[in-house]
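Take a look at these structures.
Heads up, the next two complexes both have chain A, just with different partners, chain B and then chain C.
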Partner chain A sequence: MNVDNTKMMDIKNIVLRFGGVVAIQNISFDIFKGEIRAIIGPNGAGKSSMLNVINGFYHPQEGEVWFRGKKRGSMKPYQIAHQGIARTFQNIALFKGMSALDNIMTGRFTHMKKSIFSQIIWAGGASKEEYENREVVEKVIDFLEIQHIRKTPVGALPYGLQKRVELGRALAAQPELLLLDEPMAGMNVEEKEDMSRYILDVNNEFGTTVALIEHDMGVVMDISDRVVVMDYGKKIGDGTPDEVRNNQAVIDAYLGVSEH
Partner chain B sequence: MSADFLYTIEVILNGLMAGVLYSLVALGFVLIFKASGIFNYAQGVMALFAALTLVGLQEGRVPFAHLINAVFGTKVHHFDWTLPAIAAIIFTILVMVLFAVLVEKLILKHLVNQEPIILFMATIGLAYFMEGFGDLMWGSDVKTLNVGIPQGGSLWFEDFTIGWAAEGEKFYGMYVDLLDVWAAIIAISLVLFLTVFSQYTKSGRALRAVADDHQAALSVGISLRVIWVLVWSISGFVALVAGMMWGAKSGVQFSLSLIALKALPVLMLGGFTSIPGAIVGGLIIGAGEKLFEFFMAPIIGGATENWFAYVLALLFLVFRPQGLFGEKIIERV
Partner chain C sequence: MLYREVGEFKTSYAQDSQTFPIRFDRYRYYFVIIVGLLFIPFVINDYWANAVFLPFLIYAIAALGLNILTGYCGQVSLGTGGFMAVGAYASYKLMTAFPDLNIFFVIILSGFVTALVGTLFGLPSLRIKGFYLAVATLAAQFFLIWLFNKVGWFYNYSATGMITSPSRSVGSFFITGSESTPAAKYLFCFLFVFLLAWVARNLTRGKIGRSWMAIRDMDIAAEIIGVNPLIAKLSAFAISSFYVGVAGALFFSVYLGAVEPTEAFSIQKSFIVLFMVIIGGLGSIFGSFAGAAFMVLMPVALKNLLVLQFGWSVDIAAHFEFIIIGGLIIFFLIVEPHGLAQLWNLLKQKLRIWPFPY
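After this line comes the complex of A and B, so read on.
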């Protein structure tokens, strides 16, 4: 991992409220270019909300998001996707009626620029563009070892494979920043190992910066460079896996929640 | 073959071809409903409006002539040019795209995240507005539309089938209207085109993506507003094709918008979200109502075509509420 300590993203003093609920209370942290940054914390801590702020689904009441050295104005989620930020969802959000291949093809959306007119007449570059992007998608499919389910409607796939297809869709975008919301939730040990390997490979080979939410401490400690710990909307720890593991506030927060 | 059997075949054939037009209107409904969950009551009026615009442009009518004359005391009605059919069709497509943009900008944009019933009401308003607007723009007289599609019975088909009846039976060959045949061919091409477009282009995939999951679609960079415009444009185009066929058949008149109501039983039959359902549903209703009329009218009196489709759809609703191709509705508990 070539982490060079330049900030890809800088989150400054974010406050996010839903009516009376304060989901994020004045949180700041940064994400270095090329690192794997984990966000952990008990249920309801505000982790998903933070990811939703980063990709524009939620608009915080206060605070700033800096991306690649520039302060980001108010942007729509689809515009943020065009800036090179891709994501997966905690509750898989695939296009259920479409094949795995087509789902991953939608990940190429931001790279396909030919006009609607060109697409309608299937000339003027649209067909060429389609084939070129299809090649990228086939590489993603090979990388994730899902050739055998290319044509299967994703609704019919088992959970673990759906998660993999969803990762594929995000990877197809060749993002600069990849946001993963609990990519290994509900997986068995073997599937988790596969998923960890894919994430590490993406990070190593393509230099993709990754921000991920994960509950499995073993995995988090293994693959991440730095960890942010949230609890009740507050940041209670931030540092390398070792630092976080020995942080008293973090230990208390986790002991206070019986299921962890 | 007996003549009765051949007559029945003829009735079915003609019914299927009438059904093609129901299918087209239903298709427009389904496209918008799938992508946005909006039940577009204005689909039928869109067909009328498209047909009116097509005739108006083709004949070089002055838009709003009535209004202009009333205000300025002039007597304008036609420009001194006419347009070839193909040019008029292209301009009408552009008008329907413009219409889609305006619908998005003036209505949909302001109603995001509203209840479906609110959106439905908005489309009812839209339907009546467009009907009035079309009237004001092009006048309410019945217009004949001729875009060069052949019309009248096919002599070839009559000759071809005349020998099918058994020796000694009274049978003069089957009657099919060439216009119906062309309508079927055009409708089939349209559906094939839409299928290919939605499978193999970026925008087609985006349409399907939005139909499945808005959040996920946004996350890969798809702008919902652009997709609304696209889907309303495509529905406008489908409406144009339907309006053109219907107009060529029965003249462009305001009763055209009533065909929207025939699309309703088609949708109940085919399911609101299924494109194959819209097509098959239209064909079943078309053939079904002609057959029913053919066999039952002599017994129970005529004009069964006015209600048969609705009763059929009602029966269908009772036994298969999700429609022919809809997924089984499973109640979550």
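After this line comes the complex of A and C, so read on.
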């Protein structure tokens, strides 16, 4: 994906505290339109908290979030979803009682506008709207190669497929910014390769901007355009994979500092 | 052999998502509707109407309503009896205040009144979940019954504190009061069941139904894909209460004719409807009917068996009824926690491959 240097999201001086614990200390970074932006760091660095801030679950005590050139006020997560930000979770958060198809259809929620009265009589556009959205969902299902499990309840699926369905649900929303919280956690090499390919394809074909948290350094360095490194709630590095790899502070954080 | 999906090719999304995707299922459904409309009204008598069909149809509506709330949206409610009472008293007040209003619209309007009350009592669900919400709705149950006993305006200051349904008709057919016929009552309830089941199906297969199920299964994930929990939960409460209100209004005006709130809409009603939903199957339209049929028909069947066949005295039979029904409930929940609807699905799976098991 060719990244033009317009800022899709600009995060300025975020401070997030839980009582006395400072989870995020004055962090700023930006996400360009069309790039794959990785956030890495050791456990407890505040990466997931950062996603939760972007996503509206946490409201930072200080700092600003700018999205598409506008400063964002205090918003609820569902309002942020309507702005075009979708995400997946570290621990799969699928709707266990529903089929894979219904899960992904739920991802179309923000695109379905027909009134409740139309839905009651299943006419006046509600059924038409349903089938139009089904078409979009079927494209996502094709893309992720999960046709065979369409009608299976997701609770019965193996872990790797559940991760894929969850990605499908986020993709179905056709977001401008896609947040992925450890999309490859607990996967074997093949599954990681598949998932990397899907992420690159999403970025290439649909032009979706991706921000992801990942622990597998090989994957991060291969697929991302730029990387933010966090440690103990502070930003210690920011730049292309090569720059980050050679950053002394990052090396220290990951490998430890020898004491002379 | 009959039950086959082989050879049925779906060529549109509309076909793929129809209610009865398998031809045999569809014909069975038409058959039930035709028997219900063209056969039963001609043979129905007072006993069958009062012992079997009216309670089954009315409880089916209440079970559909509670299933929307508890089965689809995951909000446990123990206030069903209270909300049925709201429907009953709303219909009574409407019937006495507007004698010219058609009974059909009286019932519908009672549903809307109950929906309002239900939404009000649904407000705590935004803060509390699970058992705590059940306790909050329990408060609704006791408060509403207390209100209808205490405030004379609700029962038009009648000396007995009871409400009695005046005679009302659709065209020349009396639905309520002493001149009503079993067939007219039956068809009137049948119409409501048919309409409301159809609406429930439409709601649960579309956007709003998925938003309820999303809230039920994982409320955090529901929120990040754009579901407003406030709207999802309150709409579930409103629509569920509408159904329960219609059931209450029919229960009072068409079925019983005269009620006293402590007796007719006690906490026991809430539990009976909750049992129907659990035994029938949470989150299933068919389950609501199966549960209602089970809870209504079982006592009747047992009474016939014990008293008429075995010649037991009525009081002993009545006690054994409780024991047997309780036992059956436990049995069903152990064998299949997802209720009769799931058993039915398993049976259909078996039928699909019968007679060759592999």
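Quick notes on this one:
The rule is simple: the second predicted complex is superposed on the first by the 256 of 260 C-alpha atoms of A that agree within 3 Å, B and C clash if a C-alpha of one lies under 4 Å from a C-alpha of the other, contacts with A are read in each partner's own complex, and residues count from 1 in each chain.
Rule of thumb we're sticking to: contacts are C-beta pairs under 8 Å (C-beta built on N, C-alpha and C of every residue); 3 or more make two chains touch, one makes a residue touch a chain.
Keep in mind it's a predicted model, so treat the numbers as computed, not measured.
Of the two partner chains placed by the overlay, neither chain B nor chain C lies in contact with A:232. When both complexes are overlaid on chain A, the residue A:109 reaches chain B and chain C alike. When the two structures are aligned on the shared chain, A:206 is found in touch with neither chain B nor chain C. Once chain A of one complex is fitted onto chain A of the other, the partner contacts of A:121 are limited to chain C, with no touch recorded for chain B. By the touch criterion stated above, A:135 is placed in contact with chain C alone, chain B being left untouched. Looking at the shared chain after the overlay, A:143 reaches neither chain B nor chain C.
Of the two partner chains, chain B and chain C are each touched by A:82. Touching of chain A by both chain B and chain C, each in its own complex, is seen for residues 55, 57, 76-78, 81-82, 86-87, 89, 93-98, 102, 105-107, 109-110, 112, 114, 116, 119-120, 122, 126, 129-130, 169, 173. Against chain B, in their complex, chain A makes its touches with residues 55, 57, 76-78, 81-82, 86-87, 89, 93-98, 102, 105-110, 112, 114, 116, 119-120, 122, 126, 129-130, 169, 173. For chain B in complex with chain A, the residues that touch the partner chain are 196-197, 199-206, 208-209, 211-213, 215-224, 230. Residue ranges on chain C touching chain A, taken from their complex, read 12-14, 17, 199, 202-203, 205-208, 210-211, 213-214, 216-218, 220-229, 235, 283.
Taken together, the chain A residues at the contact with chain C in this complex read 55, 57, 76-78, 80-82, 86-87, 89, 93-98, 102, 105-107, 109-110, 112, 114, 116, 119-122, 126-127, 129-131, 134-135, 169-170, 173.
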